[in-house]
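The structure that follows is given in the form of structure tokens.
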Amino acid sequence: MFDFVSFIPRAIVQGIPLLLGSTGETLTEKSGNLNLGIPGIMYVGAISGVIGAFFYEQSAVEMNGFLAVSIPLLCSLLGSGLMGLLYCFLTVTLRANQNVTGLALTTFGVGFGNFFGGSLIKLAGSEVPAIVLSATSSYFCASLPFAGKLGWFGSIFLSYGFLAYLAVVISLAAAYFLRHTRAGLHLRAVGESPATADAAGINVVRYKYGATVIGSMIAGLGGLYYIMDYTSGIWSSDAFGDRGWLAIALVIFTIWRPDVGVAASFLFGGLYILHMYIPSGMNLAIKEIYKMLPYVVTIAVLIISSMRNKRENQPPAGLGLPYFREER
Amino acid sequence: MGEQIPAVKLRNVTKTFGSITANSKVSLEIYRGEILSLLGENGSGKTTLMNMLSGIYFPDEGEIFIHGKEVVIRSPKDAFDLGIGMIHQHFKLVDVLTAAENIVLGLKGKLDLKAASEKIRAICDAYGFEVDPNQKVYDMSVSQKQTVEIVKVLYRGADILILDEPTAVLTPQETDKLFAVLRNMKADGKSIIIITHKLQEVLDISDRVAVLRKGEYIGDMATGQADAQKLTDMMVGRSVALNIQRPDAVDPKPRIEVKGLTVHSADGILKLDNVSFTANSGEILGVAGISGCGQKELLEAIAGLQPVDGGSIRFVSDDGTREELVGKDPLSIADMGVTLSFVPEDRLGMGLVGNMDLAGNMMLRSFRSGHSPFADRKGPHKLAEEVVEELEVVTPSIETPVRRLSGGNVQKVLVGREIASSPTVLLTAYAVRGLDINSSYTIYDLINRQKAAGVAVIYVGEDLDVLLELCDRILVLCGGKVSGIVSGRDADKREVGLMMTKLGGSADE
Amino acid sequence: MNNKTHTPLFHISKRGALPWYAAWAIRGGALILALLLCALVTTLVTGQNPIDVYITIFKGSFGSSRRAWVLFQNIAILLCVSLAVTPAFKMRFWNIGGEGQMLAGGLATAACMILLGGKLPGWLLIVIMVAASILAGAVWGGIPAVFKARWNTNETLFTLMMNYIATQLVAFFIIVWEVPKGAGQIGIINQSSEAGWLPVIGGQKYLLNITVAAVVCVAMHIYLSYTKHGYEISVVGESENTARYVGIKVERVIVRTMLLSGAVCGIAGMLLVAGTEHTLTTTITSGRGFTAVMVSWLAKFNPFMMIFTSFLIVFMERGAGQIATDYGLSQSFADILTGIILFCIIGSEFFITYQINFRHGAAKED
């Protein structure tokens, strides 16, 4: 029998970093910026939080729960926000090519993360090539005290740290923002047709900056969650892997809808770990094929939506294109 | 209306773009509860004038008064604040958003689409529009999109509306509906300006008509006193002698036979309706018509670039054999041995590659020649040098990207390339648009030389004086239909002008 | 709205012609700025003075003849992939799937080596490997192109996803072919027989790879600048409308060009597997498919400029690696320096394309 009670929570914790990453990227893409720097930004979000937590753990005589959470959180937001700002400065203000800038940002971000991670490992003088921030992590991981007593219900719904719930709230809020607020409407117009938005008196540059920087911060939280909650505060080089690209895949899979992202990220998380639950006997190779699933379904969604050519399901029309008013 | 203060008053407004004067000392008034037609040929400065009212351009000279107060309009927002709204020919709508979302785009305050929808419905009820606030724009017909644009302007409280050729994209039924709505708005005290060049509409809808010609204000009159003849005279003016040469046709024989050609545009609008004519070798066939009457589709259909819904286009060889061109692409037409040259309207977007140099652009036609996998670059380079020398193209070098050249030189490069392949058929669209006098005469001369060489030339033009002096015969298009073919030597400008403007068959003859 | 919006302090407009030397002077200036920034960062991290930093970087790249050969081998592979993605970029087709196309080529090569090694004469095996890697790369590049041509499916996202499918496919076959069972890796393929190993020429292990890259470089330059295909690619990239007007079949050009782009990536994958590493791992490409996008773009799609840009990237990478080793830092230090260089050069393009006009006397108060 397939063990859902253990599978679902594991799928969800796998899905949360993807959810945050894809929500951030969706907001960014809705402004017409295809930010391929998201994998790098998630690394920076993670390492910035780790740096904050590391020095707080080192300096604090007695850990204060509020500070232990808010210092890494603010550091993470600051780090990933700055990355978003750099992306915008290059692509919006200096009108550089978005793909090239994004890839450069990813190179830089992943290097930044691994470099400072490595340096901290040295500073800590650790035996293993990893930083262990168990104390900070315990605050991030804290779930409701009675969750353990509620059997399967508790473990499926209540066993997560606060960032997981925050991720869901952010995604739903982002969906509400896009669909039901004036700023959200304006943002969609900017991504679809910056010239039209400009003519309607919407400040295109401001919206692009705002969406990209906030989107980067949200994606950065995905990195922070991965370290502080999923791995229980253990940073090791390259552990985050290619989840950033998977988050970009998720954006396509959810056809640019953050609320769909909640369920879809859990599905992706499930697909990501499905190989551990499929009885494959001695055939370990087949597990690698299962890991391919998230990408295959993403391509399928991309193809089907382009074939059906339904306008709501297409990427924002202005995606990837720079906007220069005098070039109309 | 006598002593009333005009809603809009323009005084001595002038606007120049570089050396071209788009408007020269234009004065104009419009009152509350009035529909004014602004009439003029293409390029007469109507749209430029209205763009200064709606804040897109800023006038070089002159004053603007709104309800008697002098104002400065620097941006579309300034115009909105003064209650001026303009509906452009190219709609500014976001396709994936609904009508209501588009209408409230850019406004401030909390987003309440329900309240907005109610307000939209109220506006629709008041004037007789039909808009579904929740319909997506990409699902809409052109006329629905136009309605959304009008409602958008009214939603923002505009009481002065400017419509730039609103009926150009509408069917006659849709036009009637639009006019009914405009009359309702007029009854509500709005001031409405319609830019148009269709006489029938002017007579149908407006209270007063003002005429512009070549950027100058010619005069106005109450519609009641106007008739098509008077307006045509004001619009086209007297014939101007241009002294373009017109050698006799050289042994004209049928070359292109078009029968019952029918074409719909990509969005399903009827662009050519049962068009039939014959173009002869050694002769220039002019095509006259107000812009957007199917000229572009006609040329592209012959060139194999436009899918055709019905009819035939036959190429007649010297020995009298006929070959069908419909359903063939440019390459297979060339493979048939038909050398067909085409100078399209969009020079840098279609005829040439702006970022390539002169030699690279010469290659566009010739790069396939020969069996080697390598493209011959010497031939085109030499051709570029020849074109530069013979047509006196002003360019820093052969290696200069063509987009850096001036309009006239760009056109010389394009025409030079197209005639270099010694065509049997030459299609040209607005070959002298935007060109100075000297360049224009160079082009006329080139076309005449092709005619002398026995080429069948189809010349789509907009300046009637030129068409009348250059062409042997003139085909007049109106709303996608042929309203007549006249001899260039005997035709009268006023006659052709009337044929151009009579509304798709419904006729005022 | 105040008057400020109407009289901005400066106004940005597109430049007319900027002579090529001025453009390259701007890029050169950006590069110098980037190198200064890199030295500054390194000094901050290591406490070394900047001159020593550059001595170390230089030593890392050219310190010994072995290092120099490794440097050139790395340049060769990166150059090969950069050249591969270039025709697609000239066509404005954003192929960021070089990674996957390389892996597909490498996988095909490894498959030939493992399955056919010892069963065929050596030369025939290599011919089959070459053909298989070209075919695999072309298929991997061709699939997104077909969908782009037929349904306008977004190629950036499609090729990106294809990378990970290729990675997982490689992971699958690694386990299928793992030696010994349970090791999770293939190890050196045909270690004793060396079947399918590309021959060593001139007594230098890497010389063949470098030669192939040089040949590809010249060939790509000729293809893009002198052939009919190359010309069609330029026209399609500049204006699809013009391409249709002169009878170029745009869809066919898209698919054909991506088949070529993928095929050359496949060759690069083969060079890596059969020429250098003699094994197959999921990370064998080490991000070159992505780096190639930047190399090609920085060189303005000029094959010969790519020799310089790929040299720059690899030189900094190797040099920074040396710094990391000398000072006990993480090897990722190289990525940070590469990132800084890229940002500076990417940013400098703005000043080549646009000019900033300051409004004189616009500073008046309102």
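Which chain is which? They are A, B and C, in the order written, and residues in each are numbered from 1.
Assume contacts are C-beta pairs under 8 Å (C-beta built on N, C-alpha and C of every residue); 3 or more make two chains touch, one makes a residue touch a chain.
Everything numeric in this text was worked out from a predicted model, so none of it was measured.
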Notebook entry, point to check: Count the touching C-beta pairs: is A-C or A-B ahead?
Noted result: A-C
Notebook entry, point to check: Compared with subunit C, which chain's mean CA position is the farthest off?
Noted result: B
Notebook entry, point to check: Centre to centre, by mean C-alpha position, how many angstrom separate subunit A and subunit B?
Noted result: 50
Checklist line | Chain centre separation in whole Å, for subunit C relative to subunit A (CA means) | finding: 26
Item checked: Sites on subunit A at which at least two other chains make contact -> none
Next item on the list: For subunit B, write out the residues touching at least two other chains, lowest number first.
Entry: 77
Notebook entry, point to check: Okay, in this complex, where on subunit C does subunit B touch?
Noted result: 1, 5-6, 16-17, 226-232, 234-235, 238-239, 241-242, 244-247, 249
Check: Quick one: in the complex, what on subunit A touches subunit B?
Finding: 180-182, 184-186, 188-189, 192-193, 195-197, 199-202, 311-312, 314, 317
Notebook entry, point to check: What residues on subunit A touch subunit C, complex-wise?
Noted result: 34, 36, 86, 89-90, 94-97, 99-101, 103-115, 117-119, 122, 237, 242, 245-246, 248-249, 252, 284-286, 288-289, 291-292, 295-296, 298-299, 302-303, 306-307, 309, 315, 319-320, 324, 326-327
Note to self: Residue numbers of subunit B touching subunit C in their complex, please.
What the structure shows: 74-75, 77, 303-305, 329-331, 334, 342, 344, 346, 349-356, 360, 363-365, 367-368, 373-375, 377, 400, 404
Checklist line | Contact set on subunit C toward subunit A in their complex | finding: 13-14, 94, 96, 147, 151-154, 156-158, 160-165, 167-169, 171-176, 287, 290-291, 293-294, 297, 328-330, 332-336, 338-340, 342-343, 346-347, 349-350, 353-354
